[in-house]
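Should a chain be cited, it is by its letter among A, B, C and D, assigned in written order, with residues numbered from 1 in that chain.
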């Protein structure tokens, strides 16, 4: 049960019950859909980037406590940051969850030692690393964000 | 080794070394090809039927001792018989080898008690029943014959 | 002798070492047989014995071991055929890799040969993706129409427009039991309706075959697919039954060794019978395991299994309703003879993932998600459920623990 | 440490209970590993342990057992990827049902997307049906050209017109080792020639992977297929390696659960990565067994295995030649580094079936037939051979017995 309390920290339950930045943005903000094909969770991310800065982000769709709170925490964390900083944050976040280059999680590998302080509230999701199946929940919003950033970069 | 001598009776080796009725017939005799898909044996049967009687039959292709001798013995046995008698002989022959309705061999089933005398020299192939994999060799020429008779009947 | 009406669960459990395990002080309460049943020791041992004493490739060997392996493999085909009442057990069963491949074979062989831009087939809104996606793929190629029977408010199939949907359709392909709702569909009735309309009927037996006896001849089914690993058998094998008259007319699907009569550099001639659809080395050890599994469940008795699951279902539905009222919903029809032991739970404000996660801390294994039935999920207006599904090793204690764990979940997320 | 150059066969044999059996006073001399290798006890035990203690369906469960099963299954993918030197082991391996399905997947996914009426592919006359029939099937649909490298008199590939055949071709699909002739083809050279001509290269590793280490990255292969049951692993599973850049661009093949992102009544969105090609419940226990098999052969050392087979081959070729002169022919290249342990025997006037039958009375297991290579049989002018193929458990005594049994055969049919 100790692990379970690690997973469902208060801050996570709070972001699950009251997700920040819910909704959709109007164009020219771009819209990206993400699926967790294994469980049916869907996320719809709206993303506005101006001059290399994420000026606004909104999150729609529905998911479990982990994916919802992760999306909420992410939206709060990236707003106002430069795209480069966001990408760095993403890498740090995945490092915390021991997600490898190919997106796979290897439980035999220690989590990358990351600067948890640099993650701020996002560090609350640290407990997910002990629940390999839930890592996809925690990374869904981030992968969808990365896809959005790639689309914008490709334009 | 006793079984092996049962399988390779002298008469079988004789028909293997000197197969009777080798060759092909000219049209209007019909030509049917048979394959043992499992081992690569091929048989080319030429069949002449006039007024419900098998007037001539010739066997081409190549196969193992069992399939070659069976083809040879069959050709000798059916020549001059009526189509009905040939079909009866076919059923008796398959009964001897415990081949079921679906063409499958069930080793747990005793061979149908058949009138071996009615089979004449064909009874030499009785030993094949103990070698389930070889049953397909022994029945290849007969199945090809049945196919030919069906084609003629369908005309 | 009196009809067997109950299973001796305590004895049965001894055949399943996994259930005797204790992790973190808890034993495992396995309520996920709808996803995959546990294989009993008998199945595992049959496979191991085969692998260690009789393994050889089938069909082409002359030596005694190969002959024996071939016999075991072909005997498994006959065992499966008999188990489902096939008229020609040796000629009507194709071994695939899973139930899903069986539907792909059906679509890409029978479908490709029999459907065209002016055809139609009928599916239902409650199908598993295995009985939807292969048809969508073929539709892209051929352009036929796919019609869907809808799911009524009482979570049974809405049959009010059945004849209309069947009109001009070539096939009705329908699940016997919903893997989400536990709805048991009226297959006999659907088969006659299909045939009356000149359509064939294909049945997804994945959830039904493990729970009740299905007789393809009595039901007059044209096709039936099922999953050995849900009938206490191994992974790596699937089953397609096709009536001989259809099978014999179906063009090949996968190509390669074993499914041919002849190959030349510029073409090939396909083999006859089930072999035509079994390209390459087949799942031999798995067929042996499947035979053992069918012998195992036949030994228990399909009627006894059915009665056992019915009784657990009634107990569970009433325990959940009386404990939780409207807080925990069970998505599916009310209890009754056509209600199978598949309980899809939803709790307002608590996601299925989180339910399953908390239940795991009690050792209770349920499966969260869309259960490969996304169209049905949309129809139900949920994006996931936490599904508990019953097997021969479950008893009322398991359900009591499920209820207790659900209570903790509700409290935690309140 | 000195390089390992020989296997300790006596110790190895202890892992294979089948080889200790005595039937009719004879032990089994298994010379049919080219058709299917025997699985060692370690593989059987790994599967049984998985089945009895860890089984659950993969990918969708949250509870600990399902998580562990998923981990084992995905770890097997990584193990396979590492075994063949894949750059991205977690993303470049697809589990199929056998090697044959791997070629069907290649044809129906990559082929369908990349070939058309004006394309050409290059195969060879020595291919197994698994690498011919799927292309013939696709050719019927798309109408591309299939060109064949021919087999030279010395039973190696005739490469004199390689560049000409590759000109304008999209793919060269070739076996690394012939399952009939034992010819080891120059894959590195073929890969560069293909790439230089702008073609991709697919390799049939069914016979090569069990005998020598293959590094897809070093060889720069685009695709590699092989058969776990020939590498001392289980039936019911196959492997396709595809370089990530190809895999990611390939459209789905079989449809159903697990290979989708979303399904609606009128269409679906396919998943990314290897999952896109793994519809339905995958061969989970079989993947676990495959991991164990690769660990087993890696433990022995691929170089040691290769050296062992080379030495047996040399011994056998010279024993047969010195005993029988021209009476017993071995169809294949002369001994040398590129001669694998696959001996296809023919005796004038004695059919392969009959050879194998007599050998069986000595407990010697060889396989008669066309070995799923009918085009090659026609090229050789024979309709069947009796094939002896070597594995890690064979030794010189096995070959001596083979020679003795062959002598009896020749006498019997003289």
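Here is the rule we use: a contact is a pair of C-beta atoms (placed from the backbone, for glycine too) under 8 Å apart; a residue touches a chain by one contact, two chains touch by 3 or more.
Bear in mind the structure is a predicted one, so any value in this text is a computation, not a measurement.
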At the largest C-alpha centroid distance from subunit C we find chain B
Note: subunit C sits from subunit A at a C-alpha centroid distance in Å of 36
CA centroids of subunit A and subunit D: separation to the nearest Å works out as 43
Subunit A to subunit B, mean C-alpha position gap in Å, rounds to 72
The distance between the C-alpha centres of subunit C and subunit D, rounded to whole Å, is 31
Two or more other chains are touched by the subunit B residues 38-39, 42, 131, 134
Check: subunit D positions touching at least 2 other chains come out as 60-62, 66, 258, 260, 262, 353, 357, 368-369, 374
So the touching chain pairs work out to A-C, A-D, B-C, B-D, C-D
So, in the complex, the side of subunit C touching subunit A is made of residues 351-354, 357-358, 361, 368-370, 374, 377, 383-384, 412-413
Given the complex, residues on subunit D that touch subunit A span 59-62, 66-67, 70-71, 74, 78, 88-91, 258, 260-262, 269, 271, 273, 275
Seen from subunit A, its contact residues with subunit C in the complex are 1, 4, 7-8, 13, 38-42, 62-68, 131, 134, 137
Seen from subunit C, its contact residues with subunit D in the complex are 16-18, 21, 23, 28, 30, 32, 35-36, 38-39, 41, 43-45, 47-48, 51-57, 60-66, 96-101, 103-104, 125, 128-130, 132-134, 136-137, 146, 148, 227, 229, 234-238, 252, 254-260, 262-268, 279-286, 353, 356-357, 359-360, 364-369, 371-372, 374-375, 378
Touching subunit D in the complex, subunit A uses residues 35, 37-39, 42, 100-104, 107, 131-134
